[in-house]
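Down below are the structures I want you to see.
What follows is a pair of complexes built around subunit A, which joins subunit B in one and subunit C in the other.
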Partner chain A sequence: MTDEFVIVTQALSKSYGHSEAVRALDLSVGRGRITAFLGRNGAGKSTTIKMLLGMIRPTSGSGTVLGNVINDSKESVALRRRVAYVAEDKPLYGYMTVEQIVRFARSFYADWRIDSEKQLLRDCELPLRRKVKSLSKGMRTKLALLLAFARRPDLIILDEPSEGLDPVATEYLLQSLVARASEGSSVFFSSHQISEVERVADHVCILEKGALLMDASLDSLRESYRRIDLVFPALPAEREFRISGVQRIQTSGRQMSVFASNNADEVIERAHGLSVVSVNVTPIGLRDIFLETVKENERALV
Partner chain B sequence: MLWYKAWLETRARFLTCFATVVIFCTVFVHHALHVVCAESLSCSAGLWDPARQAEVYRLLFINQQFLVFMWILSVVLLGMGGIVREGAIGTAAPTLALPVSRARLQGVRVGMGVLQAIALAVVPWLSVASVSILAGRPILMRQVASYILLLVAGGMVYFAMSILISSLIPGEYTAPAVAFGIVILAAILFDEYLRGLNVWRLVTGDFSVDHTTYLLSRHLPWLGILASLTCALLMFFASILAVQRREF
Partner chain C sequence: MALFFKLAPTSGQPLYLQLMQQIRHGAETGALLDGDQLPGIRTLAEELIVSPNTVAKAYSELEHEGLLELRQGSGAFICVKRRTQSLTDRVQASRRKLRDLIDQLREAGLLDEEIHRAFEAELTHPVLAVKKR
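Then we have the complex of A and B:
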């Protein structure tokens, strides 16, 4: 069980006063996978990542990263030796030059690869002698990613990695993520860019208001989520389709659109029983799945 | 490499303070020796007038007063920064993601600061001693060593306080303002009510100087020095605890 997952949390929670940033999070991130952590601003993604890396203490619950307990300061040091982390906003030391910060980071990790460092420096065209504070946001992002990708860590944790990158650099980032995963590193990254997630991730976790709403493989989502557009001679009652898996029903005139996370076949069968005129089934993209999941959660809370 | 980071982080502040302090002390003592010599006929004849000796040591005592002021200013500035400040400006993440404990992070920061504080005390006094030798009026090295000891061991509590404050208060200006406020307030209050415990007077040599010869006594205020060092150690320890408990 432990070997299967690089990150495991059990009822992990973090509160700031009366505000709950993360609520009873049960998360399992599989080894060797690229797992995307989706959520709106303030959903608790960064707070979760900070708890995993020992930057903040959980209010309750527990967790392990690469088998190391996150609450234990000694184990936290051990896990950070095997994890490459790129924080949101890509903070780096402004008073160092690119060369100094690379030399500084290199000294801490046994898994640092000089050949990768040189390759990345060439690819990213980073000026070695320039101070970090005078780099553009894009260049700073590239440098932060270089510091993570020049290693061969067991786990790479990235918080909004493509923020501040141009399309070319974003493409390079996505290819690098896939390459690192193929070399055996597990990748866990948070993002708002659903199109990027769809391209590289093989597992998706959706966090909303501190709670985990979804934890599924992208393939299974693609297979199970369907939008079923139905046209009837006379519109039936919505309750006829309120079955398990149906997340939302929209009606317009004689037309009905059913969003189903599963049970699409059952919906179609019922539609035929109600003299449906036209049935059109289309797969739903991750963007719509995300929006539907979040909206569904809001409706449930109301 | 944490030492390297600590050095790069404080290098500009340290070198500025270092240059200011060394230049001030060198020029002050050079000028003071020149004035004392010019007033002494025996001096110009190549003889050392013992009556003028007290005048020279009085000037060295005055030099220590200025040096103490500049040294405290410098160590308070050197104590600023660190992981709490990094947290405030958003650069704590790469530091906290390093595979090192927070105690070690803070320990290296303290270590670098202590070395810099020692350099800020030793080098100015060595330059003063060098000037006196070059001027043909060598001062007693024992006096130099005593002034350095008072400054470093007695004054370390100021650096420790600065480290502690910067581990509690993230503000770029708030932390040094609070630290300077405490230094001034403590000097005034202790001078008024607990003069014997005034660290400022301990560091300047006021408790150990003979006001006739202006030579420091052989019996330095060891108890005061020990108490000051103990306070400094406790404050360093408290700063480590503060950093360990803090959330970023």
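Then we have the complex of A and C:
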């Protein structure tokens, strides 16, 4: 189990008073993969990540990161040595200069790589002598990421890493992330930037209102999600298309639009059986899959 | 690298398949010749900004097909045997067939838009189509 997965949680939950931030989360993050943790603001992504790192105590449930139990304080220290983590708000000591903080961080980790540090410092064009508190938001983010990427950890956990970065810096972030993954680090990063997730991730977990709505490989999503637009001489009953995988059907006049998470070929087969005039099949991007999944969840809750 | 791979994340096809097709296409058209070296997994992943697993999967599938030879430590090499070259002829032959078919469909009164849609609909699930045969 621990060989296959770098993160495993069982019914992990966190409540603040009456509000449930994370509900019975069963998460399994595969080793050697780039996994994106996608969700709206306030979906519970940061709370989950902080529980994984022992920074927040779960209300109930359990979990392991790299085989270490997350709510055991000793094991939590051990796991933090093997995990590089960049928090959402990128907290750094403001009174240190860039050079000082890099030296400071270097002293903590056995997996620090001086060649990567040099390369990253060059690429990021950070002003070495400037104090952290007077860095711009973008520079600060770059510095926080540098401190994680200069290591060779087993696992990298990033909370909204691209927040506040311009497109050029985002591109560099994704490239560095790919480089670390190539060297064998597993990556788990939260984001609400769908386009970056779609390019770089192997796997996506969608969190909504503290619950896991989807856990799938991007390849399987690409292969199976289809929108099928049909035109009939006379519109057949919707129930003809209520098969497994069909999430939503919309009709207008003689047209029918079917949103299918699976089984698109069966939908097309049935349409031909009902003398369809026109069939138009289009793949569905992650943005629409995300929106549709969140919407469907809301309909189910009502 | 002289080849320009272009992956479309929203195209509805797994990225490793897109990469495989583009390498295969390169070999069929002669843009890639026997013995040509492809970038290493890490280099190509960083260049395309995709997961290294995407490149690794494409390379290993192509090795399985015999179009690539992976040499440990030194990268991936194109290996175009006669069998693959005859694919060029097959592609040429199918092109003629396809043209004839399209001509017939046009004569039958179908508009190009409709022909396009019909092809796409029939191609939706290539894996299943193969199984049925």
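Some observations on this one:
Basically, the second predicted complex is superposed on the first by the 302 of 302 C-alpha atoms of A that agree within 3 Å, B and C clash if a C-alpha of one lies under 4 Å from a C-alpha of the other, contacts with A are read in each partner's own complex, and residues count from 1 in each chain.
Assume contacts are C-beta pairs under 8 Å (C-beta built on N, C-alpha and C of every residue); 3 or more make two chains touch, one makes a residue touch a chain.
Keep in mind that what you see is a predicted model, and the values were worked out from it rather than measured.
Clash-free side-by-side placement of subunit B and subunit C is the outcome of superposition onto subunit A. Within the superposed three-chain model, A:252 lies out of touch with both subunit B and subunit C [touch as defined at top]. In the overlay built on the shared chain, the residue A:286 is in contact with subunit C alone; subunit B does not reach it. By the touch criterion defined above, A:41 lies against neither subunit B nor subunit C after alignment on the C-alpha atoms of chain A.
In the superposition on chain A, A:171 contacts subunit C only, with no contact to subunit B. In the superposed model, A:201 makes contact with subunit C only, not with subunit B.
Fitting both structures onto chain A leaves subunit B and subunit C with a minimum C-alpha separation of 26 Å.
Residues common to the contacts of subunit A with subunit B and with subunit C across the two structures: none. Contact residues of subunit C toward subunit A in the complex are 7, 9-16, 41-42, 45-46, 49-54, 114, 117-118, 120-121, 124-125, 128. By the touch rule above, subunit A contacts subunit C in their complex via residues 32-34, 171, 174-175, 178-179, 181-183, 195, 198-202, 218-219, 222-223, 225-226, 264-265, 268, 278-286. Remark: subunit A residues 50, 53-57, 73-74, 77-78, 80-81, 83, 85, 87, 89, 91-96, 100, 103-104, 107-109, 144, 147 touch subunit B in the complex. Contact residues on subunit B toward subunit A in their complex (touch as defined above): 1, 4-5, 8-9, 12, 90-94, 96-102, 244, 247-248.
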